[in-house]
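Each of the next two complexes has chain A plus one other chain: chain B in the first, chain C in the second.
Take a look at the complex of A and B:
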């Protein structure tokens, strides 16, 4: 079974990995310890100590708090909400819904018509990192990107109990 | 060692790989020796000479002694392909239609996943575009436009050519390629640009080679045509120097023949040929060419070729004595317009990795492989994943002390341990059952591929004789032909060197293609049929000139060349055309048209069904092809007197335990070289030779004929 060293997984996270190495990884069965290596690298890189249960997007993690709550947390330490809630509703949102705002991104006449489509950008209120961008019709609700079943993931896929508060 | 033997070396076949150069020298009895030496990329002739010396030591003779006796030499090498794959070719400039400067860079979507396994084709994240052969900065546009009928819609803006050429020269290009849309229909514009470019270069005193696509590949599909012409300039033309060095070296050592190069259409061509890009591929087609030659000698018209090497299983069909040709194949992840012997290849060979899918606990084979690094049983290879060869070793099918004639020592206990840990334990099987399961799975996969390839082309295995060769072929011949009902199954005793034999057996042959668009509707007047015939004849005449000019470079006169004319035809509006040998030698009158149509419809009925014939759609002629062949020396097929059915006792090497279908049984081991024509050998037997192993499992027996070819019979 394939095994990769820590450096390879770091390159994978940073996006600096060589394509041929990446292709080999993609074409193979997944290495059994990937999740653990991946999480431990992420954990090492953040400045706080709450254990990461699952990555929740670029810069975002679902972490276990000392009181047992599962919270969505940013790199910078900002805590959005509980994992069951939608973090997007707790972020700063910039909506590009006029032609002027669109031409900041696109050449003239190549942008979507804001009557039909708007661009929503989500930012961290503390560090201002861009966390998510979505191109949606103007009336579209703000939905969760995904709703992981963390308990099932640990119990049935990783086949071990979920980390608990000590 | 034998005392004094006089050898008559006849054919030299060279396979110059990236690391090793192999030479095969075949004598007039069909016996051959193999030499190996380190490749010398800076001057390949050195490595080749060393390799030939090595080969001839087995016959106790020398290069000086044997080279003057040689009748023919055929080269195939990977230098050109390596140059292409590693993007280390010439700095080429490209001139295309203005406004179309990006088409080469965009390529075709299929190029993002060519060469991938089926699962990766579906897995979009793995897809990737390789860097283009000519970057956008070295591409210039010139205004002109020709439509698909060959009408000039915008004339060539000749004044734009000079600045484009000067611009490219200023960027130090080493060659210029010209490729315009629909130039195959109207070649004048490309040729005009070519001539202006040459004048400009002369004027400024900086001359580089110029390649107009119509001078090389006047065929439809601009991506394919442009890629191929670029390869000509980028990777093929630089090989000319290498080839002439080798030719000179051979001559200096007394050789009297013209060195030829194996080409993708299944023939060999001169090192001075106009289109050298088609020598890019050569390895796997050697065996198919050899099978065709052997078939001709033995009077077998329909052959299913099968070849198991270390990394792949290659299949090809020879029908009615002819190879089938793919006119737009791909190589090195590029779509091309070269005629290539069509082959089906799957990534399953003796070196294929064996894994257990961690999610579904099923066995998977390949598609990647250990190649020359054999498997876990070969510590020097440094492989940690179990391979098919490891299973062979565990089952006792191959002799660990006589692998490649004992040159490579294998360790069965290493294979056993790895197989236990990686495959048997996770599946809850004994190690032997796991190994047997792997072989069974491999053979049933190969059987499926072989059967579906033949059925998919509209034929049935019962119409074919199966040839099995390659280092790993005979190990599995019984397994993958079982129950398919082939007319006969043949294993040549020289199976391991069959590709080299094939290279030596290839015709000296040029093949040129041209795209045509000739439509004749159902019920058209005779005049339109005559016009169509004349257009076809004009194309043939043009191609005959091209072929004759190539042979003239090697001092063959036109009357020595036997020309074979072909055409491609389809019903109007259908998608697939068929390549057919023309029943007429020259188009003269209306009867000739009827002959062409009849030949087409017969082929159509053979491949599809009689009831599918659709003359009401009318006909399209989509291409003209000319093949020119001259007589050259070829290896002889061995011929020995028959002796009795009982094999001689000196061929018997003893017995070995082999695990087969759940039990250990005693297998008789025979030395392949010592068996005599006429001998019959039953199960369970293993025939060993230095480079191949032939297994006769229960339910089979084999018979060696007077040409040293084994016939495998299902009882």
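Take a look at the complex of A and C:
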């Protein structure tokens, strides 16, 4: 079974990993301790202490608060909502629904037609990171795209208790 | 029936132990359902007792089917098969479950299995009979196919009078005699326009194709030479694989072979569950995609002249026991266009995709199918309730409907730290340059350029997507050699280059698309059409990345290029790099130049020296573009992947040129500009709940273009659940209603309406 050292996983996170190493990772069986190494690196890098239960996207984490609540948190420290809610409903949104707003992104003929499709950008209200982009028809409900069963993941798949607040 | 008659009957049966194939099919289904294991195999005695022997048999079979594909494709003359590898061979159990498949268009692992199951269900054993040396053919979508141009040849494998399996071969033929030339015609709006349909027909006996079949089939398509050689390719491959199986049976014994084919499928099922548990997380993952069907002004029957949007919401559930479920609740109605799909094409296609991500190994067989569940609403574009539906370009939306599943899986990979597996999605694999007439060799001809087999790949969480590299439907994507296409098509290349700004932007961008400029030369009575997404991008980005660019068309008619070439004056060459500032138009005169978003067209007459731009799409991006490394932006600029003004407006890069004309990105100034852009985001960003109130008002007033309303009305009619969730999300009054009847567009074929039923 493959195994990679911490430095390799750090390089993977940073996008500095050597191409042939990456190719090897893609072709090999997966390393079973990846999750632990990954979480430990991410935990070390964030400027706060809430234990990360699961990464929920680039910059986003589901963390455990001292009161036992599970919260979606940005790495800048902004807390969106409880994990059972949809973080996008608590973000800032910019909707590109006119040709003028579309051509900031693409030449006119390469841009979606706003009569057919709009582009929704979701920003963190604190650090202004663009956390998600949706290309949908007007009126489309905001999807809750990530709803992991964290309890089942830890208890039944990883076969260990969920991390607790220290 | 007396005992003697029964005995005689069972002696005639070709299944195992005197059974009929129908009995065998029923038994496999029942025992697999009851036990949760394929064929009831709770253990794998052959694999466990003789692991090396087991692997040896697998390797021989897998190597053999791949070898048959590689050898047989040399028989073909069609560049679609010979250059692009648009063929595939699969070995099946007597009941039609797949055991092992070759490389290539592996979606047909499922479709040919469906055709075999159809023959079993319809008692082909009795009539027309299934005998050693028979050859069967199918391309009927509603029996088991993606679109009619994928033609199947299916051969039974007998050993001592008993059927021990089937082998199927498929090639993507260049023409099937549809309303317009080309394998994936745009014109068809019903089955009866879709071309020649062969519904599981016996076409050969004693390993010989029947004369009446050869005559009829060749008189039914435009490209007879390619048709004939494609068929010989399929027959050759099937017979090679049949010989291989019989050799293995001779070597290992028939009982071992029979045990092996059961175990390898159960092994595939277990392997899939294991992969799910290794790479994913139990839970629910939701996503959506769309594609435009701009038919209002097309030359099609009046009931089909509707602008609409195809809608594919998916909910992926990863169950605690590793079961994998995809629910398409909310998809909208099938339509009068050729982009409808069949259940087997959507499920098989998902396996094509999975073989490139979740199960990236050679154990692609029906085992994974037995570990999963698909919910495909009746009456929708992916499960039509009407035999009249057309399917010639089912891929228009299949490729887009799967793209969100990459995102669902990638959110899982990302959360578990398997960043190398993250992929933001796949390109809409278009444009399809198609058409026909009399070619440069004065032959009745049709073309379908498979340059579309090399599109931009989605970005990963580690690196950019690969440029002009692959197509979701054929993992061995290849754009083909220009010299070969020029032989196959009366179209000279005036350019082939990367198309800037086609990749979705991001911290890691998608792979870029490319474009080729073709000039008609040496043709007669020539028509062509465009086929791709135009008004919409058919994917999103992932985690802050943008979708790939959408499409457009460029064509020029009545040009003065002949004179300009004779006078050795400059002519348009290379790409249409910046469609906002077109250069082609300054290098020629033309009676008509069309540049617009109508990227789906029906047959248009093209004369010699007319121009056609074939633009192949890019892939979606990953992560916030403001996090892209300045050096990567610099490379994009210098490699012609990005127009400088977008380096500034999208990436916040401060760009200048050095004395050698190379672009330089100023890192410090870029950092400063990015800080400013972040502040601008905070200024223009609106709290989502505030924006929702504005959007709600638009919905209450029904303010949206007709194609948008048509899409929702088609989804609401098929799914009360989707309608209720929509109303709930937007907090709409219970009496709010949107139906197809109120839109002022034709509603032919709209049978199911759950909303009406409940009043």
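As a convention for this text, the second predicted complex is superposed on the first by the 164 of 166 C-alpha atoms of A that agree within 3 Å, B and C clash if a C-alpha of one lies under 4 Å from a C-alpha of the other, contacts with A are read in each partner's own complex, and residues count from 1 in each chain.
Methods note: contacts are C-beta pairs under 8 Å (C-beta built on N, C-alpha and C of every residue); 3 or more make two chains touch, one makes a residue touch a chain.
Just so it is clear, the model here is predicted, and its values are computed rather than measured.
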After lining up the shared chain so the two structures overlap, which partner does A:125 touch, if you call chain B first and chain C second: first, second, both or neither? second
* Asked: What is the contact status of A:39 with respect to chain B (first) and chain C (second): first, second, both, or neither?
  -> second
Quick check for you: in the superposed arrangement, does A:110 touch first (chain B), second (chain C), both or neither?
second
| After superposition on the shared chain, which partner residues are touched by A:133: those of chain B (first), chain C (second), both, or neither? | second
**Message:** One more residue to check, A:26. First (chain B), second (chain C), both or neither?
**Reply:** both
In this superposition, the partner of chain A with more touched residues, chain B or chain C, is C
Chain A residues where the chain B and chain C footprints coincide 19, 26, 30, 32
As the complex stands, chain A meets chain C at residues 9, 12-13, 15, 17, 19, 22, 25-26, 30, 32, 34-35, 37-39, 54-58, 88-95, 104-113, 115-117, 119, 121-123, 125, 127-149, 152-153, 156-157
Touching chain A in the complex, chain B uses residues 117, 119-120, 123, 125-126, 128, 355, 357-359, 368, 422
In the complex, the residues of chain C that touch chain A are 277-279, 281-288, 290, 292, 309, 311, 313, 320, 360, 407-408, 411, 414-421, 461-463, 501-502, 505, 507-508, 535-537, 539-541, 543-547, 549-552, 578-580, 595-597, 622-626, 643, 646, 649-650, 678-679, 681-682, 684-689, 691-692, 695, 698-699, 704-705, 707-708, 711-712, 725-726, 729-730
In the complex, the residues of chain A that touch chain B are 1, 19, 23, 26-27, 29-30, 32
